[in-house]
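Below are two complexes that have chain A in common, paired first with chain B and then with chain C.
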Partner chain A sequence: MSAAGLASPSASRLGPFLAGLLRDPIVWLIVAIFAVGSLTSEYYLTAANIENLMRNIAVIGLLSLGMTVVLLTGRIDLSVAALMIFSVIVGVVLMAWLGSVIGVRWLVRGNTFAGPTLAVMGIALATGAFVGAINGIGVAYLKVASFIMTLVSLTALRGFNYVLTNGHPYYLKSPLFNWVGDAKLGPVPVSFAIFLAVLVALIAFVNGTVRGGRFYAIGGNEKAALYAGIKTARYVVLAFVISGICAAIAGIVFTARLKSVDAPLAAGYELTAIAIAVIGGTALSGGVGSPWRTLLGSVAFAAGLNLLAIWGVGTWYQNLAIGIVLILSVGLSKLSRKKVQS
Partner chain B sequence: MLELSRRQLLRSAAAVSALALVPVTSLLAQADDKGVHTILNELIKKYSDEAKASMSNEEVAALFEKDGFRDYLDVYPVGDLAGGFVWKPGMGATFTGPHSKLEIKSPFTDYLPLPEGPVLDPDKKYRIGLVFHGFNHPWLISLADTASWEAARHPNIELEVIDAEFDDNKMGQVIDTWIAKQYDGIVLWPSREAPMGPPVDRAIAAGIPTVSLDRRTSSEVISSEVLGNFYANGLQQGLYLKHAAPDGNIIFNRKDLGSTADSIRTGAFLEVIGNTPGYKVLANYHTNSQRTLAFKSTADALQAFKDISVSFNTGGEEAMGALDAIREANRLNSAPGGKKIMILANDDAREVLKEIRAGNIDMVSPYTPLIGDIGIRAVVMHIGAKEGKNEAPPKLIMTPNLPMITREKMNIEGIETLTPDEWPYAYGPEASG
Partner chain C sequence: MTTMEDKVADRGAPSRTFDMVRQAGSGDLSRLAVLVVLVVLGQIITPAFLSLGNVHVILMAVAAIGIMAYGMTLVVITGEIDLSVAGIAILSCVVGGLLIPTGSAVLVIGATLATGLLVGLLNGVLVAAIGIPSLIATLGMLGISRALANIASGGQALYPEPIAAYLWLGRGAVAGVPVPVLLLAILGVAAILLTRYSTFGRALYATGGNVRAAALSGINTVAVRTVVFMISGVCAALAGILECARLSYINPAGLEGMELSVLAVTVLGGAALAGGSGSITGTLVAAVIIGIVNNLLNQMGVSIYLQQVVTAAVILAVVLPGMWRRGIVK
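Up next, the complex of A and B:
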């Protein structure tokens, strides 16, 4: 399956890319949301609200990017939300333990982590990659259905989160966490800049390299990919590792904003990540989608919810709206694919 | 224009209190001169001091130590009511809950009162946000009921009520949206302390007075905290147990580890029984306020242990789940010596009171959700203080300790218990049957 029409812009394809963009319903949905927002609320396009919007996009966008790569291979990763919390908890617990080994108290009164933050972040990223690899090995080599494998991971990680924290929160108040959670680079929050950096890296890899293109091949027709000599299992593991790393980065951004990590946080966010990938046009059956379109999905999703929140619409109705948009997105996406094929 | 000083507020509180007392003299006769709030605070201090000195029951001490209760108990405020307010049973207004449509008698409507009518600048619309979790939970709906009732008494208050559906991040985002919309005040019911500190800090930094209800946040700059009486809850569960039985094998159905409700109630209970050697800890479960989980854990415990004599429950939902499991197993009278398993509860839901009347649940420490009105009044006073129209209310607004409810009237260490029929403040729908 080709990624044509869904790929990122390059200099030579900018014209067709922009033309394609203008034909894309999700782009018009985003334009419509912003237009309605600016017409109906004096607060919608204020700097403060746009900043909120960018911060909201960062966490769910990072989770969705990882999910997109897994979905491209025709698999699913339900463990992302549990992993985003687990990875940070492991970072804190491991560093606190290491501190006790070398005789330094890094977990001070009130469960505040006072040790080296960079090391926590490094361990969190490694944990994300490690858990992703375990998921991938289970799916690719042990032939466990990805739904089952990652559902088990989700449950186990939620349990581990409680075991490792004993139900108590860890406070993360170091300058580096504050910087990630609160600082801005010009008008852009650091968390959103991190999301953009990951997005660019993934676009470059998935849509700009031969290896990245193999995710589409596997998702489009795995047997054909295998017969073509692609070591599909390795790429499936790689997709889960990417998803794990994205989850860990999302965890760092998320907990930096809350300045704490707590076992029950982010419950259900895996469904939001799936929803955004699907709204962005990624097919659950694999082979169709791109990180670029997941960006559009993230913006549409967050901007829509933000508009409802600005209007003071209750969360029940917001959930209803998500459901309706999701159904419409899946329907429109199917229709447009049929049109392209015909 | 309404301009309030604290002295005026106190004077009006006293006047309203006096008015409210007239029809309930029979109830007042039960109350001690110094008030149940003070008596319970003295008992809290007594048992806390004793537990700090030593805890001779090794099993209880081990559990107390393992879950780090001391850290939580030492920082949980125990103190006097704002402005010297004295609460007596029978006080408060009666109305229909705007959300639940149930009849409510709210106990603390005379506490830091605001007269009906426009507040502060009558020509200005004051936009206040209330964010909480759980429009599907009777306790929390009742909380929102009282807040909306208070807001509706003042035509220039526009209250937006949002349910964050137990997602702390979503609650933070709601607060950030209200900051962007430049709301005048924010009231929140935080589920957990840690994650809600930063959003509150951002609201305060934006100049928006913010008040938390019941549970606390990790913010050190929050305008006011309207605090519940968790300490008195757990204390009274312990006092009842000590009064009713000098020994017993206890199973625990607790809320989330780390939640204020669990830390303070369970900790206070253990402080009271910690120096009585006859109590054993058979099993300890976290059922996270879910009746179904409490049912399952109690059913498991009934299979594992034949000699359960006490079921300690951190909340009303847990107590109802435990009772259902005990009834289903036909084990209500299976405590050693053929005695009834003693069920200790918190939260004065109507269905819990029904089981007390029936003699199935032995006691409940009321923990009323009917405190949303205090939050609205407090945040209005903070807005008024910001506008230079009145003094700000205190940072810590303690709510009155409430006496336990038992089937028959009892006097336990100076606390006159009330019967279910003497308690008009129960919340939630009427229990069927």
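Up next, the complex of A and C:
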């Protein structure tokens, strides 16, 4: 992977950036998927399918963006999928309880929530940040390995999800949920616009500021970063908070599309998020990768799955393909690097 | 692998050996303390807690997870991870299950174990020979094996009822001891002997501690890691048989998320994911702790979902002590 390929776009570096882009295998993979798609199916490049594709990218892309920041520091966050559902459930349950305290019924017939949506979303975001902070503090200050810490929160949150919902789905009914889930800004679905906004914000922060660059420093050589005076623990916590917030936003977008939230939803999405970040070129050992490249990873992932679905390939064959592509993409890059070294 | 070198460099303080001994000590103590407290608590809550029947119930419930965790522990000692165990278990059982019409117990059980061995070998080659990070390789293999299990079985459950020996593995008993519990004990002893008293065992810890140093000192680290993944594959396949025989049906969508429970038991047992430490005894104690916690919560009528929360808390309670003394932890 060339340094140019890892950098984010900016005006002064546009030339080398474009040159790096052309040498990047994942770009050609995306081009190939779209070329094959448009040749084999008349529906692939239709507006309806592209719109569908954008909605799919939004949810998994948001999860993978948060995951990327954590991976950059050399840590991992397994709790994202459980957290994305948990944060929305907390929002609904807390508001329903508040409603009952002030004497308003916001949880109406058939477990439908019809209260103030903005508050639910606010609570969801706060919950995401809070759980992320707990993960981060556990990893950075209590020194529990991130894999274990977030595995513990994954287990606990999945349990809480069932306890808080009593195993029944909550249905979400409000104009705002409908807007987030279904509306479009011109040709772009709102959910995808939200994803793009988060992407731009993260690129600006991670690749455009000194503070953001410290994630790379910590992932590259944590001891050196520490001795250079960086308060590494704070940045590790920050990475997990970012991941938590991204998970909460993904949860809001996901549940707004379904108009409901249910405990078993999104099971296994944490593994998809890791896979996308890795396909995008983020290294599990830290210090390598970027939000921008995760965008490419999520586009390749979603476009490939979408193509298989259009071809009528069954879900299990799709899962088979994901596994093989994941192993191949990392394996081939390993083999090519070995060749270069020898 | 640069990852491994970085980790080793990070922990490269001169007192590392002492640190490890001290941590292992405090970890083992806190695990045993938790176990004793749980047993006493259990006896207070329900007088029948230590009855033979209830002990069998507790051990039966964790036999499959425990056997998978033995394999996982060996993998984690070498500094790798195996996320594919649940997938391997299901795929192996489906492959074996497709041979049920032959009526041959040897064929069915043999094919099941051989599939586990083969997928484990594939994991080992991907990780040790090609150099794909084990998290990625086995994550991919988890998806692949689950998908193949569903494709091969057409999504239909298979029923091993015609094979008596198969069912016996999950439900039989020898001298009053259930077969799964017996297998948990026998394999536990075998794994303890393997890790403590064999050259291979020393090679495991050496490889996990510092893969380059181990290779330079003449250990075939590629072979060691490959064999470890093969053992994990066979353990997974066997655990799969125990579960499928107990339920007397092979569900191609079953054992969902079991890899994380197995990993939780392994970590609770004191194996550090950075490699080079961990013990089978610790893993066995951890499996029993999880079993007792779930058993007690069941007897107290706590919902299965709150049990997950309690399990998570127990893991943290055991893992936390001594942690803050560490240097950089990832």
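Here are a few things to note about the model shown:
Here, the second predicted complex is superposed on the first by the 326 of 342 C-alpha atoms of A that agree within 3 Å, B and C clash if a C-alpha of one lies under 4 Å from a C-alpha of the other, contacts with A are read in each partner's own complex, and residues count from 1 in each chain.
Note that a residue touches a chain if its C-beta (ideal position, glycine included) is under 8 Å from a C-beta of that chain, and two chains touch if they have at least 3 such contacts.
Predicted model only: the values in this text are computed from it and were never measured.
Once chain A of one complex is fitted onto chain A of the other, the partner contacts of A:259 are limited to chain B, with no touch recorded for chain C. By the touch criterion defined above, A:292 lies against neither chain B nor chain C after alignment on the C-alpha atoms of chain A. By the document's definition of touching, both partners, chain B and chain C, reach A:267.
Looking at the shared chain after the overlay, A:324 reaches chain C, while chain B stays out of its contact range. Using the contact criterion defined above for the overlaid structures, shared-chain residue A:316 touches chain B and also reaches chain C.
Of the two partner chains, neither chain B nor chain C is touched by A:86. Residue contacts after overlaying the shared chain place A:171 against chain B, while chain C stays out of touching range. Counted by residues of chain A touched, the larger count belongs to C, out of chain B and chain C. In the superposed model, A:46 makes contact with chain B only, not with chain C. Counting contacts by the rule stated earlier, residues 162, 167, 267-268, 314, 316 of chain A appear in both its interface with chain B and its interface with chain C. The part of chain A that touches chain B in the complex is made up of residues 43, 46, 48-49, 52, 55-56, 59, 109-110, 162, 165-169, 171, 181, 254, 257-260, 262, 264-268, 306, 309-310, 312, 314-316.
Within the complex, the chain C residues that touch chain A are 2-3, 6, 9-10, 83, 126, 130-133, 135-137, 139-144, 146-148, 150-151, 155, 256-257, 260, 263-264, 267, 272-274, 303, 305-309, 311-313, 315-316, 319-320, 323-326, 328-330.
The touching residues of chain B, when paired with chain A in their complex, are 67-68, 71, 135, 160-170, 172-174, 176-177, 179-182, 192-195, 197-198, 218, 256-258, 286. By the touch criterion stated above, chain A contacts chain C in their complex at residues 74-76, 78, 138-139, 141-148, 151-156, 158-163, 167, 221-223, 226, 263, 267-268, 271, 274-275, 278, 284-286, 314, 316-317, 319-320, 322-324, 326-327, 330-331, 334-335, 338.
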